[in-house]
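Across the two complexes that follow, chain A remains constant while its partner is chain B and subsequently chain C.
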Partner chain A sequence: MNLNRLVTISQKEFSDHITSKRFLLILLITCLVLGVAAANGVNHYNDAIEMYKNGCEGYLFFPSVLLAFSRITNMIGLGGLGAVIGIAIGFDLVSGEKEGNSLKTILSQPLYRDELINGKAVGGIISLALITLAGFLTILAVFLIIGIVPSIDEFFLIGIIWLITLLYMISAFSLALMSSVLAKTSSGSLVITLIILFTMMYIIPLAGGELGTQILLGPEPSDDEYGSGFRSQVDYFESTQYEYDQRKSAIYDFVGMFSIQWVYNDITSPITMPSKYVINQIEFEKFSPDPDVSEGIEKPSLWGILGDKWLNIIVFIMWPVLFFGIAYVRFMRADLR
Partner chain B sequence: MDVKRIALIGYKEFQDHLTSRRFLALLFLMLTITGVYVFKDIGAYFEALERYSNSPGFSRFSIPKAMNIFDGIVSGIAGCSVFGSIIAIALGFDLITKERETGSIKALLSVPLYRDEVINGKALGGILAIIFAVSAVFLMTLGIILIYSIVPGLDELGFIFALWVVTILYLSGIFVMSVMVSSFSKTSGMSFIYSLLLLLLLTGVIYSTGNFAVDAVMGPEPSVNADNLEINDYYEQAAAYSHKRMELTSLVFYVSIDCNYRKVAGALTEPERYLNRESDVRYDPDSPDPELFDLLGRLWGYILFLIVYPAIFFGIAYVRFMRMDLR
Partner chain C sequence: MIITENLTKIYNGKKAVDNLNLEVGDGEVFGFLGPNGAGKSTTILMLTGMIEPTSGSCTINGVNIALNPLKGKEILGYLPEDVGFYKNLTGRENLDYLGKFYPLSNSDREDRIETLLKSVRLQDVQQKVGEYSRGMNQRLGIALALLNDPEVVILDEPTANLDPEGVLRYREIIIQLAKEEKTILICSHILSEVKAVCTTLGILSQGRLVARGSVGEVEDELILQSKTPQKIVIRSINPDVYGFIESISSPDILEVNRLRNGVEILVKRDMRDELAEKLRGNCSGITEMYLDRPGLEDLFLKVYRRE
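Let's turn to the complex of A and B:
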């Protein structure tokens, strides 16, 4: 592999992307959607400040601008915008060349196959970075228009969210790239992408959790047998119930890792909503009867959050690497007669 | 335009859809997802039943009904993202672009038939396929609840039937939207991406813009401290404020296609809760069960919008296809 040739191909791919009408349209829609979500998020933020002032439960810390980002990441992650953009950039990279018969022409040039696929990936990732950057600048512009100026710390955290969002879109992009290598036509590539996405996002997390609980743990412990009210029995029941719930949530966490959407949400939500994160961590029963608990708690630092979520972050990086690895191997061995 | 020829084209299109692997794969996905949600709802149903039988006097709502379980279908189809209703987009996105890409549209139009028959027939075939898919989902759900020996009564079947019709309307709206996008795009792939993005605009963006606009129009809530009002004045103002706000918000719900569907479907699957929340009628356990037609009367605005959306989209697709330059 020669770095010079890789750079040339990425450059060409990138210029292909940004001069296409598709890119412009995606850019426009991204900015529009994120701008609207930002305006909506600012509303949410103002409400939260109001509630904090009135001493509402559920807001331990003074809400920061990042709260507005919870709406934005919802739009990108759960709403499906990020996945759609990643797929739109990647789904016809290789299958389009196959359909247009230009793949043979390219490979008759003095270059290796791995340079081609790496160059395509790099070009696509740079365009995705451009799109997300434009989107986040729109968000900042909306903030400034409404009159909210983030501090340096908040800027840093916004940068982290941007990075995570980019990584999320890259996962979808490399999934689309993989299926475009696997499929013969672009429509076929779309169908493969969708089926994989669907299975990973919805079916495994939803059905897997239920099935796993049923098979591994059996039915929930019932309290009928312990109805006589002896203290020891009640304690025993409570401890079995607690253990059961712990195991159940472990199973759900495990199957949730298959869904890049859930992982994305899981990583960003402690950054955007620290109060909720802390309350979940110190368990609600402990918290609610004694409001003074909240006095001693400090706002979680970024490193604390990253340390807590390291497994999710590894999984988050693993998916795009896995998809790209499959795409790479398949493309290297593809039969192109 | 000849109805016979439309029926013929519609039938052929329907056959094409049903025998395609894409439709079968997506139907399978749809069945799986709704099945998972339905099983969850069945669990909730039995819990509610137990709670009701343990404390009949204090229960806020009456006995759980069979149609509550059909809420699972709604969560599966119009859940929180654009991918739930993907089957409708997948049926429509390449109806016109594919014929153009492969050049078969010229061969098709050289047969003695008019252009409008082609587009009408295509729409008809797709909607038939949607009816087939939705019926499959509903029959599966009905089968599951019968296995659990929950037997819906006759009036409950009425609600379920209404939900079936509304679901078909919603998915047809999205299908016709993607046919419209297909008549504008050059390649099938782009048509698909544009359909997804347009759906995102119609659902998420309209909803959040609308909410933002409502907030902007309404201004701050009246508060006691700010204006030194008498307490009675304050209550009056606050009531007027919330009433006006609810009206404006319902306008947003009308326009945003998935909120609209969720609203209607929510009312149909849990009528008591809907009536309790939307109207001034306090629920009391002795009052008779809500009637289907009374409920539909309250919901007519939403249902009208569910019909208007596909009509507008189809109008645009029709005009565009009729004037298309096919050299």
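Let's turn to the complex of A and C:
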């Protein structure tokens, strides 16, 4: 692969993206939605400070401005904004060229196929970086207008969230790129992308979780089996139920990894909502949480969170690599007749 | 020069191109003909390095295209059938982008683009390619095929969508390229066009080269294959000519018909020299003798209609 040719293709792809009406529309919508979500997040952040001061449950640590990002990441992840942006940038990259007959034209020039597909991917990723950067700058602008100035540490964590958000969009983008290689038309590519995404986001996590639980664990323990009245029997039932729930949760966590949305939220939520993350961990580790649990508990560090979520991070990187790998292999072997 | 040696391509167990041995020399304008599905496009895709042969080889000016596709593409100009461009760019921008893949300096590339756009009458067009007519698109395709000043040019249906003026300009370009000793391979269904510009022809059928030679030689071959009789017409003021011709006994003469001012002879092959020899001194008053045979298009249809 020649770097000059790769740069030439990437430049052209990037230029095509940023000069298209579609890109401008995406940029506008992203900035608008994230701006509104930021304003909403700031309200949530202010409420959380009040609740913390009033000693409300659920807030172990003084809320940071990152809490405002919980609304933003929800909008990007569960709200589907990130997936929509990734798909919109990638779904017609190759299929559009097939439809317009320009694929044969470009491939008849002295360049390798891998340079073309890599160039398209790089151009698309730079465009996504630009969109997310514009979105995050809009968020910061909203913060500053409202009078919230993040600290250096918070800026660093916002940067990490930006990076994870970009990676999330790249996953959706590489899925769309793969579909555009597989499909002959852009509409076909969009349909394939949506089917795969829908299957990964909803069908596998929900149906797979339920099916996995039924196959591996069987039915939920019933208290009828243990009779009633004796304390030892109740304790036994509760521990059996707890074990069952934990194993069921592990199955759901595993199948949840098929959902890039779920993985995105699972990685970002400990950063944006550390109190909730710590409480959830305590509840899982100890069956009965101590009411004075907040005392002596340290706020989790970024490295601690990343260390805890390493499997999710690997999966999060694995999906775009897998999608792009399929796109790459299929494109290299594509029949140009 | 284009050379293919035992070039074969198999798709799903079916031979699309079957041991093709072809040689197109410098300065030759070679018309590559064949019915649909004969393997022309597959051959062209192999020649242009877009697909790899199953076996055999093709070389462009000594460069094995499968082993060194980039070097091959650098010396090759290719106009694909239904050539497509980036619709969001102008013709000039398209050529500039595609030209960046060739070893040309920026100024050389710009000069070359300017010359080519003038040559295909698109130099003043500022529209995006998406707004081009099909003819303009085709003209831009011809410019693209010549962008790198190629030593070998392969044109797939070059006159499709061109207006009469465009066709004339295209012919001038081909003649000029031939003068410059470039190797040109033209694949077209418009046989009259092929006949107008090509010095040699080759016919591909079921992946095999079934005829190769000058236009006349290929026509002879098609006449043989189609078993189509040719007509020799003799115009004469001498009414005895009919009787004389009828008296000639030859297995190649199929039928003799009397015309108002001469005779019409259906023959298996061109016998004009023999007839002239026999008529000389035996029959006076001959004013004209010519061979009237079906055109390339008719012969081609006759042989390949069933395919």
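Throughout what follows, the second predicted complex is superposed on the first by the 325 of 337 C-alpha atoms of A that agree within 3 Å, B and C clash if a C-alpha of one lies under 4 Å from a C-alpha of the other, contacts with A are read in each partner's own complex, and residues count from 1 in each chain.
The working rule: contacts are C-beta pairs under 8 Å (C-beta built on N, C-alpha and C of every residue); 3 or more make two chains touch, one makes a residue touch a chain.
Everything numeric in this text was worked out from a predicted model, so none of it was measured.
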{"item": "Fit or clash between chain C and chain B when superposed on chain A", "value": "fit"}
{"item": "Angle, in degrees and to the nearest 10, that opens at chain A between the C-alpha centres of chain B and chain C", "value": "90"}
{"item": "Winner by number of chain A residues touched, once chain B and chain C are compared", "value": "B"}
{"item": "Partner chain in contact with A:V33 - chain B first, chain C second, else both or neither", "value": "first"}
{"item": "Touched partner set for A:T19, first chain B, second chain C, both or neither", "value": "second"}
{"item": "Which superposed partner A:R337 touches (first chain B, second chain C, both, neither)", "value": "second"}
{"item": "Which superposed partner A:A129 touches (first chain B, second chain C, both, neither)", "value": "neither"}
{"item": "Contacts of A:G100 with chain B and chain C, given as first, second, both or neither", "value": "second"}
{"item": "Touched partner set for A:L190, first chain B, second chain C, both or neither", "value": "first"}
{"item": "Partner chain in contact with A:L206 - chain B first, chain C second, else both or neither", "value": "first"}
{"item": "Least Cα gap, in Å, left between chain B and chain C after the two complexes are fitted on chain A", "value": "12"}
{"item": "Chain B and chain C contact sites that coincide on chain A, given as residue numbers", "value": "none"}
{"item": "Residues of chain A that touch chain B when the two form their complex", "value": "22, 25-26, 29, 32-33, 36-37, 39-40, 43, 71, 75, 78-81, 83-84, 87-88, 91-92, 96, 186-187, 189-191, 194-195, 197-199, 201-203, 206-207, 210, 261"}
{"item": "List of chain C residues in touch with chain A within their complex", "value": "41-42, 45, 48-51, 69-71, 73-74, 78, 80, 82-88, 97-98, 100-102, 141, 144"}
{"item": "Residues of chain B defined as touching chain A within the complex", "value": "22, 25-26, 29, 32-33, 36-37, 39-40, 80-83, 86, 90, 94, 98, 187-190, 192-194, 196-197, 200-201, 204-205, 208-209, 211-212, 215"}
{"item": "Residues of chain A touching chain C in the complex", "value": "5, 8, 12, 16, 19-20, 97, 100-112, 335-337"}
